[in-house]
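Shared between the two complexes below is chain A, which has chain B as its partner in the first and chain C in the second.
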Partner chain A sequence: MKYVMIDGATAVISVEGAFNLCRTAIVNTELNSAYQQGCTKVAVDFFKTTSIDSSAIRDLTKTRRRVHPENFMARNATNAVLAALKAAKLDEWLKHE
Partner chain B sequence: MISLYLRPDKTQVVKGQLKKDKTLFITAATEIQSYWAALTEQTNNYRKQTDEFYDEESLLMEDEEENLALSDLFYEIKSVVSTTYEEFHIILPDSLFCMINCAEFLTEEEFMHSVRAKTNKADEDVYYSFPLLTAPGGQPRKTFFAIERKFVNRLIAAAKEENITVSSIEPASMAFIRSCASWQEEHFLLEIFEDQATMVSYSPIGGIFSMNVPSLTAKQLNLDVEAANREIQSMFAIHDYTAEKIFSSMNVNVPFVILTEDKKILEIHSLKERSVQANIFPSFVNADIDSKDHQEWMVPIGAFLQNYEIEDELYATLPPFLQISSANVLPQNIQMGAKFQQWKKLAKKYSKLAIAFLSVLTVLDIAGILYFSSVTISPKLQADYDAAQKDIKDIDAEIKTLAAAKKEHEYPIEAFTQIVKDKPNNCGFSSIMIGSSGQGKSADEKWIRLNAVSSDPLIFQDYVAALSNDDIFAGVGITKMNTEASSGFKTAEISIGKGKVQ
Partner chain C sequence: MYSKSSVLVIMQEPFKIISWVKEALQKYEDIKVYTAATGLTGFAKFNEYLPVLVIVENDLPDMSGMSFSAILKDTDRGFNCTIYVLGVTSFMQNAKADYYFPTELNKDIFSMQIRTFFDRQYMRSHHSDEFERAKMRQNEFLPAYLETSTFKVDTIYSPFSELSGDGIDYWYGEDKEGLYGLLFDCTGHDIVSFTQVGEIRALLKRGCKYFQLGTISSLGEILKNANEDLFALHGDDTTPTAAILFFFDFKKNVLHYCSAGIPNFFIRHENSDAMNEILMENYLIGYEENVIFEEKELSLEGIDEIVFSSDGLSELMFKENIDNAKHDDVSAILIKILKCNVGKTDVHYEHLSERKVIS
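Take a look at the complex of A and B:
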């Protein structure tokens, strides 16, 4: 898998560069595969992500709802990514760090 | 290449040339009157048609009513731009297509079933194309465009009447999206004409779908601004909901490209709020068009970009899961026929050029022959020439005589003086011969032959050495040596060649 790694029961999403519509589609496919392999938690690592668009934010929101907020966490959001999450009032995701 | 965008309000005509470095040069961009009615209405579409139901009287009546025939379109284009040897690409507004959608079905049968169900058209009534195939991990999705054959057939027949072969017929949306050259972003278009309005949406992960929105026509929007605002917001909401369902994932509030001639409409608040800044041509398009007008010409220019390959700059941002091809709805046999016609025209063009070149050469040749054959030489000049010819012969003979005389001089005194001077003591001559009866190099080699006499044979060697050191002699050598039986003296025959005499 290109953007999703499995770490025990956690699927770790890590997208390098722009987390945009084209990558969102691939991430969703890989996440479905991770669920089938038994993942019940999702962690998003924004360390290598330089920007995020609304389609990605929307799909991450859906993912968070699916696995329940207590099983969802995000980390390493900086600059443009942090600004986008704050603009969408979703920076609370980062409180789990 | 020539592209025609047949719109309800006008016809855009663009002429371009694709260079070897894949730069597209736009050489002409102009607008002519609309032929929309001739294309879409069931009137006489053929200017020269002469069947029994359409006599000359009827044609005259049509002329009086100023009805335009579709073949007039191609006739008029010939007066605007040179059409010889050019490929023709036609673009039609998306509202004319009976179906533009994307779905996960794969087979042609499934597609035809969908067309039948949604449009009530029989299989043989539509032409279609599948320009996009996207598979971002899951099930592949195909985008398809379907159009009633009657529109395509009318265009082909009208073009044929003017001896023009149509290479492609595409929807405006596909040409526009192609000319944006940004494949990773969504493009939402709203084409607004007086009586038609269509929303067309592209997503790299979903494909393309369209919605006809009769409530957003220019006529409707100009009726009441407040009602227009409400209607626009409502249609945008419906569109976004539909797009979300079809594409499965999309960005929020993606701005729309509004394509309209009615600038007043662009000032409507809810439309202005969501309209995108005007697009410009990609860097490889070279056109003498003001950048603020680029968006207006992107549809007809986008049609030319069908000729680009997947490795060209146009597709630099193409996601790996997306395959793009032309949305040309012409059936394969007509496309092949158009290509063949184009090759034929090009072959004809180059043959004509070759003939013209050879003709020029022939004319030059004939002109040369005629000129030189018609030149008369004056008697005085001819007499001078004859005299010169005679003089040249005399001069040549004189030169030959002088050369022979030069060869005949054997310089006996100079030779004899030096022979005696170089002669060692105790050496005498029994004979000496200076001069040769021959000519040329061999004669010079045998200039002098002498017979030397001495009691000591080594004296001969000294003599030869002394002669060799003298510049007027060359090739000095003993050719024969004997001993006289009666006296016991040695005799040597010495051969001497001519060196640097004088």
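Take a look at the complex of A and C:
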């Protein structure tokens, strides 16, 4: 898979560069595959992500709802990604770091 | 442009095929069938009528039907038409036709192919018409340029790809001392976002009208109610939306605003060219069911201009090292305040019909 890695029961999303509409469809497909392989948790690693648009925010919000908030977390958000998350108070996703 | 309702039959004896085509397409009353007896006359007829479907027999007097197909498909007019070759006994390389039928043609299968082809054409055309109507409808909802002796309001509305997930609106109150408005950005910038726009607009505008009437006491309460309504309507399928509501109280010279995930807006002070960014942090509506949205105030003293926008615009403004000229729906409400008249109650209001739409 290109953007999703499986680490035990956790599907780890890592998108290099812009996390946008072009990538969300692939991420969702790969996430569904991860669920089928038994993943019940999702982590978003923004280490390689330089920007995030509203399509990605929409889909991550729905992913969080699907796996339940306690099984969803994010990490390594900086610069533009962190600013975008903070504007919508979504930096609470990072609180589990 | 192809004629969506014409067929070119290139055969020496086309009558049987013409009757099958007409029988198969009885429900489409306006389909015309043209004929040609050779490949060369076939090219001429194609250029004249630009049919959407060409049915050519392989055994033409001047060339094979597959050669005809290969030539036509590489022309600037013929590359996108559909070609059936009939009477095929063996295949040539590089024929480029879409479908091949054997010498013994089965009427039922052939008729079904023709019918299915035109049904798809019709659906494509129908969807295209619906798409155009949606774009027209989208533009109908844009507020008109508004100019009074107290303020001027203009807009920028530029969908990322024809249909936008953004919405904007503004209007003044009956007391003529306030300007009310809203801007929202349904997350994503695809057709899914566009389908949400009407619902979000209705929820927010209804709340604003209640606020105007005094039934609702704060802009935050409008967003809270809209948020709860969205979860009541859609449950776990609720899609988040960024929004900002504003109310300019020109009598008190104060701006009231409340954001739900819109990151910022810009202000310009008198005698200055610099735009200053006002940052905001708040939940999106449709993100969590029970959240509070806090209304804030800003004195309009010394402020000449205010720009509310979706992040599709704000992420492009005053930023360096941007590698994408436009990456999202762009919308903005541009407000200029005419200082000399703020506070006066005898302001004169004037609507102008012109509006700015960039697409």
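Things worth noting here:
The rule is short, and it goes like this: the second predicted complex is superposed on the first by the 97 of 97 C-alpha atoms of A that agree within 3 Å, B and C clash if a C-alpha of one lies under 4 Å from a C-alpha of the other, contacts with A are read in each partner's own complex, and residues count from 1 in each chain.
FYI, contacts are C-beta pairs under 8 Å (C-beta built on N, C-alpha and C of every residue); 3 or more make two chains touch, one makes a residue touch a chain.
On a predicted model such as this, the values are computed, not experimentally measured, just so you know.
After overlaying the two complexes on the shared chain, residue contacts for A:20 are found with chain B and with chain C alike. Of the two partners chain B and chain C, more chain A residues are in touch with C. Of the two partner chains placed by the overlay, neither chain B nor chain C lies in contact with A:48. By the touch criterion stated above, A:61 is placed in contact with chain C alone, chain B being left untouched.
Of the two partner chains placed by superposition, only chain C is touched by A:84; chain B is not.
In the superposed model, A:28 makes contact with chain B only, not with chain C. In the superposition on the C-alpha atoms of chain A, the part of chain A touched by chain B in one complex and by chain C in the other spans residues 20-21, 53-55, 58-59. Those residues of chain A that touch chain B in the shared complex are 20-22, 24-26, 28-30, 53-55, 58-59.
Within the complex formed with chain C, the residues of chain A that make contact are 18, 20-21, 53-55, 57-59, 61-62, 65, 80, 83-84, 86-90. If you check the complex, the residues on chain B that touch chain A are 136-138, 184-186, 203-205, 248-253, 319, 321.
Residues 165, 185, 187-190, 193, 236, 239-240, 242, 261-264, 279-284, 287, 311, 315, 324, 327-328 of chain C are the ones that touch chain A when the two sit in their complex.
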